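Please see the structure below; I have some questions.
Letters are used for the chains, namely A, B and C, taken in the order the chains are written, and counting of residues starts over at 1 for each.
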Amino acid sequence: MPPNRLRPRTRAVLLVLPALVPVVAVVGAALASAALLSLGLAPLVGEPQLSLDAYRGAAGDLGTGIGLSLGIAAAATLVATVVGLCLALAATAAVRRSRLLGALAALTIPIPHLVGAAAIGLLLADAGFLSRLLGVDPSSWPPLVGGPLWVAVVAEYAWKESAFVALVVAGVLSSRAASYGETAALLGAGRWARLRHVTLPLAAPALGATAAVSFVYTLGSYEVAALLGRAHPEPLPVLAYRLFTSIDLAARPQAAAVALTTAGLALVVVLLSLRALRRLAAER
Amino acid sequence: MTAPRAVLAASRAGRTLLAGWLVLPLVPLLLWAFADRWTFPAVLPQEWGTRGAEEALAAGAGGAFLTSTLLGTVVALLATPLGAVAGRALASRQVPGGTAVLAVLLSPLALPPFAVALGLDVLLLRLRIPAAAGVVVLLLVAALPYTVLTMRAAYAAHDRGFEDEARVLGATRWQTVRSVQLPLVAPALAGAAFLAFLVGWSDYIVTVLVGGGQLTTLPLLVASAASATGSDAQVAILSLTSILPPVALLLVVGSLGRRGRR
Amino acid sequence: MNGSELRLTGLTRVHGTGSAPALADFSLEVPAGACMAILGPSGSGKSTVLRLTAGLDEPTAGSVHLDGADLAGVLPERRGMAMVFQRPLLFPHLSVRDNVAFADRVRGVPRRTARRRAEEFLGLVQLDGFGDRPARALSGGQEQRVALARALAAEPRVLLLDEPFSALDARLREEMHELLADLRMRLDPTILLVTHDHAEAGALADGVAVLDRGRLLQAGPMRELYARPASLAVSRLLGGRTEVAGMVRSGVHRSPLGALALPRKVPDGPAVLVVRHEAVQVTTAADPAADAVGTVVRARRRGMRTLVTVEVPGDGGTAAVDAELEPGQEVPTGRTVGLRLPVEGRWVVPVDGVAVEPVAGAPRA
């Protein structure tokens, strides 16, 4: 064997390493460091001592934060999935296909979430564009931005993620649905029957996967809730950020505890989604 | 296929609603960007002008634009080749435990970026790693899942026969990569680079947590302007500045992809 | 272009420890300027021979010699070979001309010279004027012509052809056969051709090596293999249809067909008689020169000719003999006919070696 040729497996491992090493180093170091900090084993001052004080100290806010974060993520994902599916159906319809909707969805993708938040703020705030359009006085305009129902936050995530759902699902449908739809039509299936028995089952795996990705993203994203939300109660990322940047050094371990809890929550969601998607795949 | 008039009307109304859903949030952005005076309850600005742009420039938009461009470019330049090389290895099915390796490479997608940044921040400070380098490494890790996935799919669809043919015809390993493999996966490379650029360009939380005030990017300016009151024009112009480069890149990448498919 | 002499010795390729070798102890000599075919079913290891020869894969054991020089460790690009695969694999980002100029370009030939030479080779495959087209704008037959021109333009010492025509329809395949024969006359390349079609091997190659499950079964001139296959497996791979088990004693094969004298002395013992259906003549039942008499049980049309199966009852069972009728000759099923089996067309192969699968109508030993 000539010296400059490596065995294929060795070569493949060497090719993966440059990407794998930074991911393992960063993710591993970050999680380990956060775990040590939250368990009192790497205090910024004083002796290391194993304790759950950080978790205990943050417990109240943590409980509220988990509920709030899950609620926001669920609401935003639900709207994004429904609207995204409608967009995908319109963009891939066999008759009167809307190229415009597909293009608009694609152009929404590269808009940073933070910019989306700024835009939604200008749209939904009292005296914002929408209240001017509808001619509603600021005093009687509902508190969409910073209000108790987190409407602006949910709207921003739903807006951005619906475009993502639409693009992925439209990609799946455009490559497969047309021919199946024609076959079904030849077999005598009507408009609704085709949607129910052909299009939706074809779209389901992509829809489920994109819903899971959107949910996990929304759960862990900071800037939209920080900009469009209210000061109290706080979703998990906002809570962690406030604790971490607090002048009180004792709050740092609590911030790490919140971060780890969020990561754990995200991981559980991912595993549950993978299981559900696998079951979906096994059914057919 | 013919449809009854009611279905047609409903379908048209639905499409209009969907288009409105996608476009409406951007309308106040476009109007505010060039509004010098726009008081309630006017639906359109009363005075048009460049006050927002002037305020944005005064706040350092020029420098922030350059910093963001640089950050996005560096992340793309690092994440694209690493993702391409790893994607190729994973597509070849020669990597031992390939599924597990892929899962690890995709794990940054599942982990909240603030949690990773927050955990690493303490460590970076202790190791005295420069803040900018820390930001780049974290964003590289955040971008790798996208480049790995894109390139793995591209290489899975890529026919190794082309490379065998080139080798037998006398091309060296490197010539084969340069004159056969890279041109064939060029559209995917452009797509992967675009996604990686977007990760660097759009990031807010990692830059804030790890950058330690040394990096002022466009998203930071947008956030600080948006959380202040009375600077709606500045917010709008900064936001538009953040949207236009990636949208222009998307159009370029899209046309590249179409050319590649033809 | 002058082809080199290629010698493969004991080539073996095992893909994983414990798995059956893809190729075991394969040896073959291809004289300079000759065309040798490797014939085998899919999965027989015939493509492995080409990949090992080209250096795209490394042998577990054995060697490849080109004009006497050992190629072990020589990279594919330094072996001076060229290969045409079943898929044309034209580089989609290059024009037809630049595809043909590829080998010259990677060797550092100036673009202008490489393109001029490419035009010459396009002319050789009768595609003058196609140079400017994008590689994707060709038909299947044209694509394979360009692939051939691209390989020839590399001026290979050995041209490797991996089922290059099997994806083409019958008429195009015939055209490509003629083109290749013409190119051989003009350029005299050494060719190693892999195919699963014995007719293609017969049409193109001077000699053939029959491969099955990684093992070389027999090698030699095509005509000899047709007439004297070494085993039942070879006979079947070459399209042999008639197999009659029986016993040889003092140069005579005894079976339900009766006692048939053999053209050569063979050792006594059980043996299977094989006769090419092209050699069998169907006559009337009353023909005094008939070697056997039987009933037509099946007739299949094959273009101008008809292939019939004749069952001959005899001692200890029934023998089935396939025969190709003369063009225009018609025999209905159920008719009793006489069969002439010319002495030169008779051949026996050993019963063992390959498990004899029960053939319809053949006596079970």
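Keep in mind that, in the parts below, a residue touches a chain if its C-beta (ideal position, glycine included) is under 8 Å from a C-beta of that chain, and two chains touch if they have at least 3 such contacts.
Predicted, not measured: the structure shown is a model, and the values here were computed from it.
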TODO: Tell me which chain's centre, taken as the mean of its C-alpha atoms, is farthest from chain B.
DONE: C
TODO: Report the most central chain, judged by the distance from each chain's C-alpha mean to the global C-alpha mean.
DONE: B
- [ ] State, to the nearest whole Å, the distance from the C-alpha centre of chain A to the C-alpha centre of chain B.
- [x] 15
TODO: Mind checking the centre-to-centre distance between chain A and chain C? Centres are C-alpha means, answer in whole Å.
DONE: 59
Task: Rounded Å distance between chain B and chain C, as computed from the means of their C-alpha atoms - done: 55
Task: Residue list for chain C, restricted to those that touch at least two other chains - done: 75
Open item on the list: Quick check on the complex: what are the chain B residues that touch chain C?
Closed with: 159, 161-162, 164-173, 175, 179-180, 183-184, 186, 262
Open item on the list: Applying the document's contact rule, which stretches of chain C touch chain B when the two form their complex?
Closed with: 51, 54-56, 75-79, 81-83, 85, 87, 89, 91-93, 102-103, 105-107, 136, 150-151, 154, 160
- [ ] Can you check the complex and tell me which residues of chain A touch chain B?
- [x] 8-9, 11-13, 15-16, 18-20, 22-24, 26-27, 29-34, 37, 42, 44, 83, 86-87, 90, 94-96, 98, 100-101, 104-123, 127-133, 135, 137-138, 159, 162-163, 185, 191, 213, 216, 219-223, 226-227, 236-237, 240-241, 244, 252, 255-256, 259-260, 262-263, 266-267, 270
Open item on the list: Quick check on the complex: what are the chain B residues that touch chain A?
Closed with: 1, 3, 11, 14-15, 18-19, 21-29, 31-32, 40-43, 82-83, 85-86, 88-90, 92, 94-96, 101, 104-105, 107-123, 137-138, 140-141, 144, 148, 194, 198, 201-202, 204-205, 209, 219, 222-223, 225-227, 232, 235-236, 238-239, 242-243, 246-247, 249-250, 254
